[in-house]
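Both complexes below contain chain A, partnered by chain B and then by chain C.
Up next, the complex of A and B:
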């Protein structure tokens, strides 16, 4: 049975309060929430802090375990755990990226990456944890190599976007980086096999079925053959690429437009995230969360995606980030301008 | 700071006479009164000074009551404003002032859209490229991440505070 045939509700499990300004972004710590390891979530905010939340083994509820403060001097816009879960990277409007390590019970800032001219808007680790990408208002994307001893060396500064870069995301298995921007485009970056140079291998713009306004976020599905993007143009777009071809070393396969989900959101869509089992969550300025799942494959139209459910008034204000837990627990976290984070569980309707 | 004013001699209009707010006859005195166009105009016109002149935005007709759309039920406000001169480099500052003033005055459930238009005022001949400028300014004014970053810039905040704390009266 496919997901579309089942009935679900998005049940609010908990509301996390503590931030004193809008919450911009969230990151579930890898390899937590499974095998008896308590789930851990990081959140970052306009209040210049990062908070670490941990699910109590005893009560099952999330508690704030640490507040990472007095390092960033302006909004912390983005946070990302390294794949091993050891390090947390945070990008701030103060133009720096901080790297945090847990020493004992405390998180210490072990490295500060400087180079962007102004606001850093997004940070992302590659699959192996050997590279970190950052991007920002200065229109550039930086790739940093992770060296022993918490050293980070900038290996490439990628210019190509004509406006600020809103988000960078590494492909889940290959060293291919995607970025999306206020210039309405999505760019794909890859390393030149011979010269170790990074360059733009594809630009998706409006004339190639892309977005007609700011692209706020992107997310890959777990196998990495699909990508979802969301935009101020009120649409969500799904893209596919022949990754088998890429994995076999047969060059770069371009991302092709699969479908556009429009008519669902009526305000800017700030976040889209693909769960491991294939459910796309979206969060928007209409305060709602929506979930989409693959529908039946149309013979002519190719794959389609259907609205699984819509949670109106998920928050009192804009929803800035939605993130599925990587564990198989169907937990979704959402962050909002209302200063709260909510933990949701996708479950069969109660009372049935 | 720029020493030369962009528009040295703006036309100053008389302040509009306020009409009395007449509640409907069947008013339920316990009901929450919805926010209307006039209320928002009052919020914006009284307290915001033009960045360049000792006049309010109302006196310069940068904003008019007609340029305010409000839907209290769906918590939505859209403001259009028209600077005194074309290619006004102050457009972003005025737009941010309007946005900040509304953020501080309205309930947080409100969604605010601030739009800059050059064609509202009479006698403005739209120069080529004007609409592109409009679109660029409006995109910036309604990108909340850019607005958030701007509001963390101390110089800009000083400028906004000056416009929002008028001393001309």
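Up next, the complex of A and C:
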């Protein structure tokens, strides 16, 4: 039975308070929330801090375990755990990216990456944790190599976008980087085997079925053959690529438009995130969270996605980020301009 | 045209402080929107974003050329450094002198399928037919820059070996100062922690400007204010360098009867890129290959009696190469013959060279080209982990032959292939020669500058750098 045939509700488990300004971004720590390891979530905010939340073994509720402060001097816009969960990278409007390591019970800033001319908007680790990408208002995308001793070396500075770059995301298995921007495009970057530098291998713009306004976020599905993007143009777009071809070393396969989800949103969509089992969550300026799942296959029109549910007034203000837990618990976290984070569980309707 | 600025300079200008009052010409033309300006307006900015019928068209390139982004004076400045301005100064009866860079010479040679010597001779014919008085060679003035740099390096090295006060810590690594894209980035973005490391020696372009306007013009029976001096460079950023206030001097001639005292003289009045010179040749419908080959103006051209060019190794100026040889000999008595063994570290644009004496590395030099490599050494310097004694930093990947002002690859030709042919042309029939043995430079010291590092040399051949405080006001005063 597919998800679409089931009945679900998005149940608010907990509301996390502590940030004193809007919450921008969230990151579930890898390999937590499973096998008896308590789930850990990082959040970052306009209050210049990062908070680490941990689910209590006893009560099951999330508690703030650490506040990472006095390092960034302006808004912390983005946070990302390294795949091993050892390091946390945070990108800030103060133009720096900080790398945090847990030493005992405390998080210590072990490295600061400078180079962006101004606001850093997003940070992302590649699948192996050997590379870190950052992007920002200076229109550039930077790739850093992680060296022993918490040293980082700049491998590439990519200047292809013509406006603020909103987000960077690595492909879940291959060293292919995607970025999306205020210039309305999505760009795909790959390493050039010849010149040991990186270059843009694909630009998706409006004329290639892309977005007609700012692209705020992107997310890959777990197998990495699909990508979802969301935009100020009020649409969500799904893209597909022949990753078998790429994995066999047979060059770069372009991302092709699969479908556009329009008519569901009437305000800017700030966040889209694909769950492990294939549910797309969106967070938007209308304070709502929506979930989309694949529709019936075999239609002439190709694959479709259907609205599974819409949670109105999920927050009191804009929803900036939605993030599915990578564990098998169907937990979704959301962050909002209202300064709160909410933990939701996707479950059959209560009383059923 | 502004895409020709080096990538470093472009990144340095990525602060979109396009304030509405300044008005962005580009955005008006493209009827598109401006970027959100402040952090907390990240979303407000987009919420008020008007419905667009087409994607935003302001590009980085447009921004640099735009009056709003840097300073309104800059467009004026770039207009001042155009072909039209060059030609009109000839018409106005100025004594126009052109100084050609060896990188431009190589690019034209590859383009026309001629040897660099032929190019120089034909260009001499061409420019003189337009009314230019002389065509000089910046590889000649570069030898003077290199000698001053060698001298500065030895002084810095000795300070670094003395017991550790603050000054000794800031003496090394010495960083080459010839790349204007790098200087601009260092001043605008990096500021006071990096500037003390940058060599105070003027670039070959400014050195030849100083030589011509302070000294050589007298040999030519010209007043400095009668001379309009133009350089031909592989690099657009050189236009910005020429326009620096540091390279304008006051004429001082006590007892001057012409009333010229206090007159402001610019070392380099205008910079044309290699590409612009090609445009000029084409606009005059000249069959360049068929032009006669004139004799060269030997006053400031590195050419020997037999008609061969001479100069140093290294297509980005040979700073690391020359200083390394000099320091090895001067400090450690090691004479190094033949090509130096630069080892590729991370990529071909980051190469290292070291000298070992009694099992200990005493000299560690690096070539560091392109923005990504530059970032890493800057980072090392900032955290105090830079082991290098000298860094030849250039903003462009592959260095100066790949400058933004060079002639673009022909259809179907890759940048890589073009650079390879440029490297070959650059060294073609150029005899490797020690700058200290250059008879022209020896003559300049004897008649004018006394010796390397003298008060006169400091006055005419060295400069200063100024950190820019990041504020909108300072943005407006950048150049």
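The rule is simple: the second predicted complex is superposed on the first by the 350 of 352 C-alpha atoms of A that agree within 3 Å, B and C clash if a C-alpha of one lies under 4 Å from a C-alpha of the other, contacts with A are read in each partner's own complex, and residues count from 1 in each chain.
Throughout what follows, a residue touches a chain if its C-beta (ideal position, glycine included) is under 8 Å from a C-beta of that chain, and two chains touch if they have at least 3 such contacts.
None of the values given here were measured: they were computed from a predicted structure.
Legend: residue contacts after superposition of the two complexes on their common chain; A:244 is shown touching neither chain B nor chain C.
Contacts of A:338 after superposition on the shared chain: chain B is touched, whereas chain C is not. Residue contacts after overlaying the shared chain place A:147 against neither chain B nor chain C. Of the two partner chains, chain C is the only one that A:185 touches; chain B does not reach it. In the superposition on chain A, A:317 makes contact with chain B only, not with chain C. Greater residue coverage of chain A by touch, when chain B is weighed against chain C, goes to C. Looking at the shared chain after the overlay, A:93 reaches both chain B and chain C. The contact surfaces that chain B and chain C form on chain A in the two complexes overlap at residues 46, 74-75, 77, 93, 118-119, 137, 164, 182, 213-214, 232, 285, 318. Residue ranges on chain B touching chain A, taken from their complex, read 108-109, 111, 139, 143-146, 148-149, 152. Across the complex, chain B is touched by residues 22, 46, 74-75, 77, 93, 118-119, 121, 137, 164, 166, 182, 213-214, 232, 267, 285, 316-318, 337-338 of chain A. Residues of chain C touching chain A in their complex: 7, 10-12, 14-16, 35-36, 39-40, 42-43, 46-47, 49, 52, 55-60, 189, 346-347, 371-373, 375-376, 379, 382, 397, 416.
The residues of chain A lying in touch with chain C in their complex are 46, 74-75, 77, 93, 114-115, 117-119, 137-140, 153-157, 159, 162-164, 182-185, 194-197, 205-206, 212-214, 232, 268, 270, 285, 318.
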